[in-house]
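Paired with chain B in one complex and with chain C in the other, chain A is shared by the two complexes that follow.
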Partner chain A sequence: MNCRSEVLEVTVEARQVEESMLALLHTILLHRSTGKFHYKKEGTYSIGTVGTQDIDCDFIDFTFVRVSSEELDRVIRKAVSEFKDALSVSGSDGMGQICLEFYQKKKSRWPFSDECIPWEVWSIKVNVVNLANEQERQICREKVGEKLGEKVINVVEVINRHEYLPKMPTQSEVDNVFDTSLKDVQPYLYKITYQITDSLGTSVSTTVRRLIKDTLAL
Partner chain B sequence: MAHFDTEYQRLEASYSDSPPGEENLLMHVPEGVKSQWHHIENLDLFFQRISFITLHQKNGFTCMLLGEIFELVQLLFVVGFTVFLANCVDYDILFANKFVNHTDSSKVTLPDAFLPVDVCTARIRDNAFVIFVLTISGVFWLHRLVKFIYNVCCYWEIRSFYRNALKMTMSELPYATWQEVQARIVEIQKEHQICIHKKELSELDVYHRILRFKNYMVAMVNKSLLPVKFQLPVLGEYVFYTRGLKYNFELIFFWGPGSLFENEWSLKPEYKRGGNRHDLADKLASRILWIGIANLLLCPVILVWQILYAFFSYTEVIKREPGSLGARCWSLYGRCYLRHFNELDHELMSRLSKGYKAAFKYMNCFLSPLLTVLAKNVAFFAGSLLAVLIALTIYDEDVLAVEHVLSSITLLGVCITICRSFIPDKHMVFCPEQLLRVILAHIHYMPDHWQGNAHRSETRDQFSQLFQYKAVLILEELLSPVVTPIILIFCLRRKSLEIIDFFRNFTVEVVGVGDTCSFAQMDIRQHGHPAWMSEGKTEASIYQQAEDGKTELSLMHFAITNPQWQPPQETTHFLSQLKERVHREVTGHTGDTHQYSLSESEPRSLIANLLAGPSTLGSVHFARDASLANHAATAINDSASALRSLSPVSGSLYLRGSLSAVQRGHTSTISKAMAGSGTDARTVSSGSSAWEGQLTSLVLSEYASTEMSLHALYMHEFHKQQSRGELPRHTWHRQDSDESSDSIPDEVRSEPPRCSRNLPRSHTFPTTAPSPSDIPKSASDTSTNTRGQEGFVRTARVPMGGWADDSQAVPRYPEPLPEESSDDEMPPHIHKVCPSMSVIFFLFFFYCLYNKYIYIFFFF
Partner chain C sequence: MDSDLSPQDKKDLDKFIKFFALKTVQVIVQARLGEKICTHSSSSPTGSDWFNLAIKDIPEVTHEAKKALAGQLPGIGRSMCVEISLKTSEGDSMELETWCLEMNEKCDKDIKVSYTVYNRLSVLLKSLLAITRVTPAYKLSRKQGHDYVILYRIYFGEVQLSGLGEGFQTVRVGVVGTPVGTVTLSCAYRTNLAFMSSRQFERSAPIMGIIVDHFVDGSCGQRPVTMGQPCNYRPPDDEDTGPFPGVQDSQEVCTTSFSTSPPSQMYSSRLCCQPPIITGPELCHPNATNQVMHAGKEGTVVLLPTQTQEAHLTLEQAHNTSTSSGDEEGLSHNGDGRSASPSDPVESLSNFTRKVGAFVNKPNAQLTAASLDLPFAAFAPRGLDAEENDRMVQPPDSPSCPSPLQGSLHSQGSEGSGPQDDFVMVDFRPAFSKDDLLPMDLGTFYREFQNPPQLASLSLHISSQSMADDLDSLPEKLAVYEKNMDEFDAFVDMLQ
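Right after this comes the complex of A and B.
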């Protein structure tokens, strides 16, 4: 695929899942969001401001920074809690993966729907452990905090690299690059998906797609 | 409350996020998405399409699309007409076994022979087999139709890509070569970033993406991993590799349900780890079993599908490579075996087509004397009968009205044609060793034990695995639905562990490309073979070494076809060393102190050197050709004419190479390699002035292929010496027989006639007046270089003839001369074929095939 993919791996306790996921997703989105664009005249725009906010975690010794946008937070929270529920329901060993995918839309001609082409995918693999006693929990609380701190630095390093980003769009194309539905902030178009355990999941659909594509190939 | 309001009043006054004073400073100008070509999702597919379209739209999109529409109509016609012939014609009336009771006249008309519509439909409805065939054909046709519509969309997309991103107009597109298009793609990557991982795209990346799976297949054939060779009780070693089998292999490895690849660009992570290889192998084995069983069950459907598919693919193949019209063709296995890593289809086909003639001749060397005697006598008797019948017919044409006279004349004619194919040409000389060398110059690979054993029938049999009868190919394809499941279930399944290991060991992840076959990296250090000039550089174990010098030759080939490519440091070193060596050999033995130094050790091609240097090679050829070219001087820029005139010069250069090679054990085969490989630039220009713009790239690609031939021969020779550790045999004495055997046109044997023949040809040039400025130049060149001239006059003959001789083989040649034009030594209906008993049956097949390949499908 023509996109970058980054993998982060964390090992947490069940009750820490939600916060750790929020921390990581928000950290990434903080760096992948801009202020709202205000297009002024022909071909120029100014960028609005983005507020930030410190969030303290309850179950982890950790504080992270997120964009102070309630709407964005609501969307992310919803996705994460779905993931958390799925993870607890599945009853498996507590392996899961949540993907944050940044994509661009490409307008297609009439019979086809718009293509969504990802350019960066962050996969966060979660490993849930069960702890026996309070002391271990206490240790875990600190450990996870440290780990998340490392991850955040990791994320920032990756984002600091000079790599492909979609070019700044003109007014008509802004919806193809940015998510303009939010009032106060404008992240790149993103999609959050999750997956519980390494199921076969993908292979069947890709095979069918490939089969069709192959028969149609030149 | 009031003073709170005052604090925040300013915000309300102008509700804007940016501070009011700085508004003007923080203006941004959006770059906008200039084109839709940034960041393409599936680059593999995209590049594949571009390369396909670049190579197949010779006359623009309209022709390409129209051709496809007609293919669809053809299929409808073929199916419909066959069903009609089988069910709706009353043959009794046609053969006059039954009389029609006409009232007005006694004449039988065609409509009389047709059955009424209701009878006809009833017959079709009752016949389950016909219904079955019709259903599958319908599905097939619909599939083609959907494919066609899909293709139109793709064409449209690529077309706008050409236009907007590559900035090529539609009018210049038909003349664009793949190399040019590729260069532009590499160029626009910098601007549009179609691949987001890298700032710049290299040629190798593009090739890797296009040929990702093909490289795997080549490597697997190279390492003899795929079960395609079988020991059969009667036939001995037999290679069975058909489209159907290939399709199944690809299904299993690359994209089928639960295949090794996760998606088009990455291998599944579990296959990259060595941990549970046995489990994975078991899983693979059971999958192969299921696919084999599915194949077995679907066998009849596949068979019908195969026939329909064959119909289409052969029309397409014949369109693409006129060489395939002959009795033989390169087998699918041969194509896999002979393919370099990172070699596109058209590159492979062009060199195989160039080798076709020599290969055909080589196979014709082996005619069994027994069959010849038999054939001569059968031909004698059949001929006598035929002569009598014809004579009688001439005397009185009523003879034709006698029952079966016309049919027996036809049959006897066919019989004689077949017999004549077994009678060897009186003027043919048996010189397989040389022929094999000429073949080698094009196909670049052959097993070690062939060298020196070219006259043995074992070698011939093995060669026929690569170069098989068309009829055998078709028969194999038809048998394939039955044989494929057997091979899958009994042979491939056993190899599952090896396959798992292969994919694990030979997959590397390349940034910006994904998982590719590590052989395709062409890294001498990892996959070099010590016996193939990479001694001391390679660290590969025997398992890792590519056989037959594939890594080295592929590397050489890729570097030559893509001179812009920047190989890694070590590779550059290897290449320059090798080139230097070859060039030293070339220059070393000639003894003429030419001012031209060939020992430059840049990783650029010899051609580039040739072009870059001021061409002081003003031998008589340069002079003569310059004057020749001057007829077209107004239209042609300097570089083009320089190129054209360089063609004989480089010819002589290679001949010098061959001279030295003669001392090392070659005979003048390299020069014959030249003979097969080149198009003469002059032929191009004399044909039509419209192609002038393309001339440069065309000539360049020809030089490149010739250079590759030279290197391939050199490497094989080197390998031979190294592996045997003995002095090369001197085969001087062969040169004479060689001269006579290869059909060098008379015109190149002697210098003056050739010259005089060439000059009249020039009147087809667009402008006839020679430019006066160049004539003195050529004259002075002649006079100043008289010393070096001697050698050239003597040596340049053979390649000259060669270049002129074989100009049809260029794939991108805009108006390819038909293959037949150069096969003048063979009347069109005579196939020189090698005898083997089974062949007799097939002869009828490809007699049909030769005349009208379509009829064969009626036959089925």
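Right after this comes the complex of A and C.
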């Protein structure tokens, strides 16, 4: 089974990075989250209810919908905030990429640790620009709003192809497919990583470090 | 072919499609109410949330949808459409978008109804939630109010897109294959808003683009949104009935259970018809209910766009009058020091317009540069005598050409102390401004530009006091800095 990979690209001002990333990540997670599973006897289960919430962006002419879960929002905001800080440290010609990866865990025998097999990866490439005056910023505000709208349509289009999704798990396997740590919703298992490319186009050693760490973890 | 589908599956599928259609209408109409929507997640299934999504049911909307469906289901050649249009306070209306729920012939026989179809319909509803915030009508609906309202109309049958004008765009929300056909949800929206631009419905965005409470955490529904009237439905002379009867059958409980058993076994899925666990008022949106019922009445309050602007101008004029009377005192302060009342009307205009720097009045305390041994003393506030030579304050005489300015300068009664001619003009008629509908537009801007309100922190005695304090403490600060000069040098080296 091949991992599905989608790339989205946005060009934003520095102050719009946070909201644009939140908008796209939350839109994806809205579609990849279900209610909490409640397993009953006879191998059946019922699903809790997912609420939604409209969020207005302050620096972009845009409103997006996210799952009503403060816990999930906190986790995503933390990741986006780290990405944003890394981007701003890298300099004014910031280019970076934040990846949202959905994976399944596959239990391995000892001494090998569980394998994480991604089944869908969303890469959001960000170019940060600096604008000279308020008029340009105002135009950028509207343009980025339109672009984000197009990206949301792209996301929806991919998701509605209804390609591979992990099978619904039994009670013992649910933690291999879903993130059951939140108390109100249940997204598929996911992880968020990011890379910053400096102006030379070479990616900083975050990825390399992560590869080494993963290899050593075996 | 229905023969492959068990009766239970067929029944389930029909029910899914029916409630999917009703929920679709709810999502679309609620997205055009002009308010931010917020519903809560619940980990324990309440049994009344179809497709495991918390979507409230506005009874009027459900009623309209059922009326349009008239017991039928969306099928091949029979689409359910929700048309969103805009109606101005003058009675003009324009279709903005049409959402279509269609069924085509392409069947997916192998798909499991109560599991896969149900989950995919749930995903499609989430996509609908996302896409309804992306089409252009969303922004318009958030700004609805006195100038225009957003209306919806539900119809069943052939899709009609002719009212959307030329060049309309289509966005597909998604598709779900079922054993009896493929459900498709799409939206066609107008791109040609030419009718709109001449009426200036779009209010200009804030210049800085920053909302004041950006850094304040708001919980669900706490931030006030733009005042908006919710969707009304045509015809506008619909009866203003009392509360709609609770539509009990739409609250059929959906206690779908899913099985993790292998597909070869019969999966135990059941839909129970139980009395609703949550009673009607909790499910519907009470505010929306009242608003929908009374929207017809509110809609009759008509304010033409031009009138609205004039109303704004009136406010601004009042504001200007109050600030300029405050300015007038400042000016009279300045005027005290002036030599003679100016005779040249253009010069009096200059006196009226020019000040020592923006927002700053000259302080009474004359701190001459010579008395302070300061660097940059040239930038300290000047004495009055220096002002006469300051080109910023006394511009060189412009060629005297007759202009409407002169007429208006002489024509106004004085609002303040006697010899002062340079104060507020009530009917300031600037050159080159159009006279017809908005005679005060340029004038208001001109006056505002010239009479910015005084900053409290820069009022006379406060500014001079703080200046004096700063100057007093300067020698001490300099002494300290000189003592620590080595540290500073080391710091600078470190940075390099």
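Methods note: the second predicted complex is superposed on the first by the 195 of 218 C-alpha atoms of A that agree within 3 Å, B and C clash if a C-alpha of one lies under 4 Å from a C-alpha of the other, contacts with A are read in each partner's own complex, and residues count from 1 in each chain.
Operating definition for what follows: a residue touches a chain if its C-beta (ideal position, glycine included) is under 8 Å from a C-beta of that chain, and two chains touch if they have at least 3 such contacts.
Being a predicted model, the structure only gives us computed values, none of them experimental.
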Touching partner for A:84 - first (chain B), second (chain C), both, neither: neither
Which superposed partner A:168 touches (first chain B, second chain C, both, neither): both
Touching partner for A:35 - first (chain B), second (chain C), both, neither: both
Contacts of A:147 with chain B and chain C, given as first, second, both or neither: neither
First, second, both or neither for A:43, with chain B first and chain C second: both
Which of chain B and chain C A:2 touches, first, second, both or neither: first
Partner chain in contact with A:176 - chain B first, chain C second, else both or neither: first
Partner chain(s) touched by A:104 [first = chain B, second = chain C, both, neither]: first
Contact residues of chain A, present in both the chain B and the chain C interface: 35-36, 38, 40, 43-49, 168-171
Parts of chain B lying in touch with chain A, wherever the complex brings them together: 16-18, 23, 26-34, 36, 38-43, 45, 48-49, 52-53, 143, 146-147, 150-151, 154, 193-197, 255-259, 262-265, 514
List of chain C residues in touch with chain A within their complex: 36-46, 49, 52-54, 115, 120, 122-124, 126-127, 129-131, 133-135, 138-139, 142, 171-177, 205, 207-211, 214, 220, 223, 255-261, 268
Touch list for chain A against partner chain B, complex: 1-4, 35-36, 38, 40, 43-49, 104, 106-107, 115, 117-119, 163-164, 166-171, 173, 176-177, 200, 202-204, 206-207, 210-211, 213-218
Contact footprint of chain C on chain A as seen in their complex: 27, 30-31, 34-36, 38, 40, 42-54, 56, 58-59, 61, 63-65, 67-69, 134, 137-138, 141-142, 149, 152-153, 155-157, 159-160, 162, 168-171, 183-185
